[in-house]
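Below are two complexes that have subunit A in common, paired first with subunit B and then with subunit C.
And now, the complex of A and B:
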């Protein structure tokens, strides 16, 4: 009996110490995430001009968000960029990781730097760089290359056409994130025991079959994590769109974050902007749940 | 070993203590000093560097922080700073658009300071201060007058057999564009941020008299009025007829660099510019070809309505400043004779009445200043401002009548407020 009491006491001390160690991190999260989130939720039910006391307006801001075409379009554009760029980044990232895993050796180090380099470039620099590449005039690098190849008919105003502008932004965003996905996937691949491959090789499996039946199933959990991360990053895309198109022309590339900033800081409708933010948060959450359920499968232990 | 470690620890502790003491002393010294943050220098102004130097030299006793003023983010920066209770003590903004700050409590009312200093007030002239005046007082003071004009490549005009006019109606303008296009050149280049000038000007001129214009500005006339639609259609036709560089409706996204370089390289005949930046563009052209200055084309059917859009850039003081007296002192200096003379010498068209200039171009670049109408429909609400200034004519080009419907919805919302 005495022993039990003593053991309980020790556990309490350990638990208390654990809580104390977590306290600084919790305080930081409380101040930087939880309180602003709660304030944002409160604000989304109010009308506030940035000064004075917010006045409660109920669901008016949410109703306005769903009934205003511009806001609906902006959220839809963000969703499109989020989904397409996530698919691009996961396909490219996992593809690069498989390539790295295949080539190994000295070339692997150089390839790793090359594949990871887009993730190291600041988004604004990347945006400006691609603005020059996709410029509508003959000064646009892509159009100039197409013209030089005799493919004049393919020249296009890439960033001014409603059929191409969101695709271009989504591909750049996806390509940019692919480096991080590659690193995560590659690290997961390195943890796969070599004995699994030896058995497969004895059965006569080539790299494609090994990738399909061993590597990809075993790194599925990492890909799920990467998918959630990239979806959140992509949905929040602000700097890339701002530097490339500023949401234009004619709001063709307007995204939810730009709309929120305009609504808050240009129109002084902070409550409405907060409501758009909350709607986006819920949508991101739903997309993550959907994405993770698609990739749901057995967990393999090795 | 232990002794060495002990000595090293004591030494480090001593250094830290001394550091803390020195920092404390420095902070105390700074606590007595007036700290002012100024956001008054725009990188596009040729006088920005000298402006900063002059202010620093004039106020060595102040601890000045100079931030770069950026047109695209100025409003957000001001509002974010205010929300975070940080003051940008003196900040650049257009007095014409101070209605955007009404009800926010951000700008400080300068009426008292202007009444106390008659010489300062008189330097703005009789009516210039009106542009920054709202129901909340004088919220900003103007320093220069900006309006659009055409800089033209005289060689292209001559080669196309076009006589260079001083002014032109909209029909004359489109005829000229057609002739230039026939000659194999692109008629005009305009950067994306300035494309709305054609629409804004059209919306000021399409009425029969000022009373009707004022009704429109007050939101009493629909955007679906046929005159409004016609004015916007006229502008859209410039793009649909490939008169705007590089052609097609995609020309609404032309960057500032592309628009200017097309003119400088002799690819386009007309460069749409702002008067204050005309000297800069002329410098870039150098002696490649001769430049002419032509007034912005008008859609007015009578002389009374020959208005011109324009604004006044200026400065305000944020109401949360800890040093209002000192901030106003800086404001007086940067709007005063010494600084404004420097600005005028560098090509700026200034409001200050005591400034003179012998430069013949100074007169040329300010010849239409008296045509500026003090109010516009864009001031009816921030949403209408945003829609017209940043999204026209592109909205109409891409979405057709839906763009007019959107403007009408915004007008109704503004009236309801």
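And now, the complex of A and C:
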């Protein structure tokens, strides 16, 4: 009896310590995420210029977002960049991971660092670097390379042509995220026990068959996680676009986050900006659900 | 792998290596090109972008640091990153330990909320948070508002990752420590943390990459001031000032990239170990 009471007391003390340990993180998350999120949802139904009390306008901001061509285009551009760059990054990332898993050894180690390095470098820096590479004049690296190879006809004003600017941005975004996908997939592959390959090797399966039937199904969970991550990153493309084109020329590369910041901080239409933010959030959620359902299926435990 | 399969696979294996090396070249080329360009004078660059510099010119770097204030921006970013990373790590460790080992009721519900918050884009909170920090007059204190946002937004993800690692620490170890009369805090710092090196480095690198490179919030919090401007915002000012003076710009780019690469190469062993041990799954 006495012991039981004592144990209960100890347990309560542990739980109390637990809540104490969680308190700082909880407070910060409350102030930086939860309160702003609720406020943002409220604000998106209001008109507010930054001073005075917000006046409730119902769905007007949302209706305006979907009926204004500029905003609709910005959201469509974000979706385009999100989808293309996710495809690029999953393709490159998983491809590189498989190749590095196959070749092993020193080259694999060095390649891992180099393939991952773009993911470390700030987007702004990459943006500047790629502005340099894709610059329209002959001083642009890509145009210079094309000229040097005698492919003058392929030279482009990459960042001011409506047919190329979004592709260029989507590709850079995907290229950058591919490092993270490579790293996650590669480490997931390392966790596959070699016993699973034994029978495949006895059957004389090549690496391609092994990848198709053993490795890829087993790392599907990881790929799914990586997919949602890159989608979120890509949909949020702010820094890359801001550095390279600032949404221009003539809003051709305007993305939803840039639109939101401009609406809020340049035009002081905070309610409208909040609505754009909420629309982005919902669309990202839908994209993630869609992406995950494409890759759904059994999870294999090993 | 036995010798038989090895010889049979030799040809595709070599082709694969060649493809990888070719890709590596494409990855590295822009960086090398930037380094070369940064050592040229503007005139040399416009004469021919391919030519190697006649003599190594360090003046671009000196100019970037002095006139372009790259050095000052770097210091701001270093302060912001250091304070943010330490805060994230400490608060996340405490919370993750509590969620994993301190018998908190309804842990699953807490985790679900954290997971949802983690995928929430910054876009959905940035404007109200800006209003909050400006109402609280936090914007006049350099660094503070910027750091607050970074810490808050990084916490959910970091807590989830660290919690999963704490789950792998055997519970007997904790019980033994408790019986020996060690306090919860002592148990955590003396017994558990040494076991957590790899996951901590993993989180550190991930958060550092985010904090060092973030642009939107850094721009918003320094809209009305030129104090505490981070390297990302600074680089854009720099680009605005120097337009297409590529030798100078590439010098700034190289200055920002090289320390990052050094840090990563130094820590990458732990990074991979941390990712592998955790078995990140979704």
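Simple rule for what comes next: the second predicted complex is superposed on the first by the 277 of 302 C-alpha atoms of A that agree within 3 Å, B and C clash if a C-alpha of one lies under 4 Å from a C-alpha of the other, contacts with A are read in each partner's own complex, and residues count from 1 in each chain.
FYI, a contact is a pair of C-beta atoms (placed from the backbone, for glycine too) under 8 Å apart; a residue touches a chain by one contact, two chains touch by 3 or more.
Values in this document were obtained by computation on a predicted structure and should not be read as measured data.
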First (subunit B), second (subunit C), both or neither touched by A:261: both
Subunit B versus subunit C, judged by how many residues of subunit A each one touches: C
Partner chain(s) touched by A:15 [first = subunit B, second = subunit C, both, neither]: second
Touching partner for A:207 - first (subunit B), second (subunit C), both, neither: second
Touching partner for A:43 - first (subunit B), second (subunit C), both, neither: second
Touched partner set for A:192, first subunit B, second subunit C, both or neither: neither
Touching partner for A:162 - first (subunit B), second (subunit C), both, neither: first
Partner chain in contact with A:136 - subunit B first, subunit C second, else both or neither: first
Interface residues of subunit A shared between complexes with subunit B and subunit C: 50, 131, 135, 138-139, 261, 265
For the subunit A and subunit B complex, residues of the former touching the latter: 49-52, 69-70, 131, 135-139, 157, 159-162, 245-246, 248-252, 261-262, 265-268
Residues of subunit C defined as touching subunit A within the complex: 1, 5, 9, 12-13, 16-17, 19-21, 23-24, 27-28, 30, 33-34, 45-46, 49-50, 91-92, 94-95, 97-99, 102-105, 117, 119-129, 131-132, 148-149, 151-153, 155-156, 159, 178, 184, 205, 209, 212-216, 219-220, 223, 231-232, 235-236, 239, 244, 246, 249-250, 252-253, 256-257, 260-261, 264-265, 268, 272, 275-276, 279-282
Parts of subunit B lying in touch with subunit A, wherever the complex brings them together: 72, 75-76, 79-80, 82-83, 100, 103-106, 192, 245-246, 248-255, 258, 262, 381-383, 386, 390-391, 394-395, 397-399, 403, 406
Sites on subunit A touched by subunit C in the complex: 10-11, 14-15, 17-22, 24-26, 28-29, 31-37, 39-40, 43, 50, 96, 99-100, 102-103, 107, 110-125, 128-129, 131-133, 135, 138-139, 141, 144, 148, 183-184, 187-188, 190-191, 201, 204, 206-207, 221-222, 224-226, 228, 232, 235-236, 238-239, 242-243, 256-257, 260-261, 264-265, 270, 273-274, 276-278, 280-281, 284-285, 288
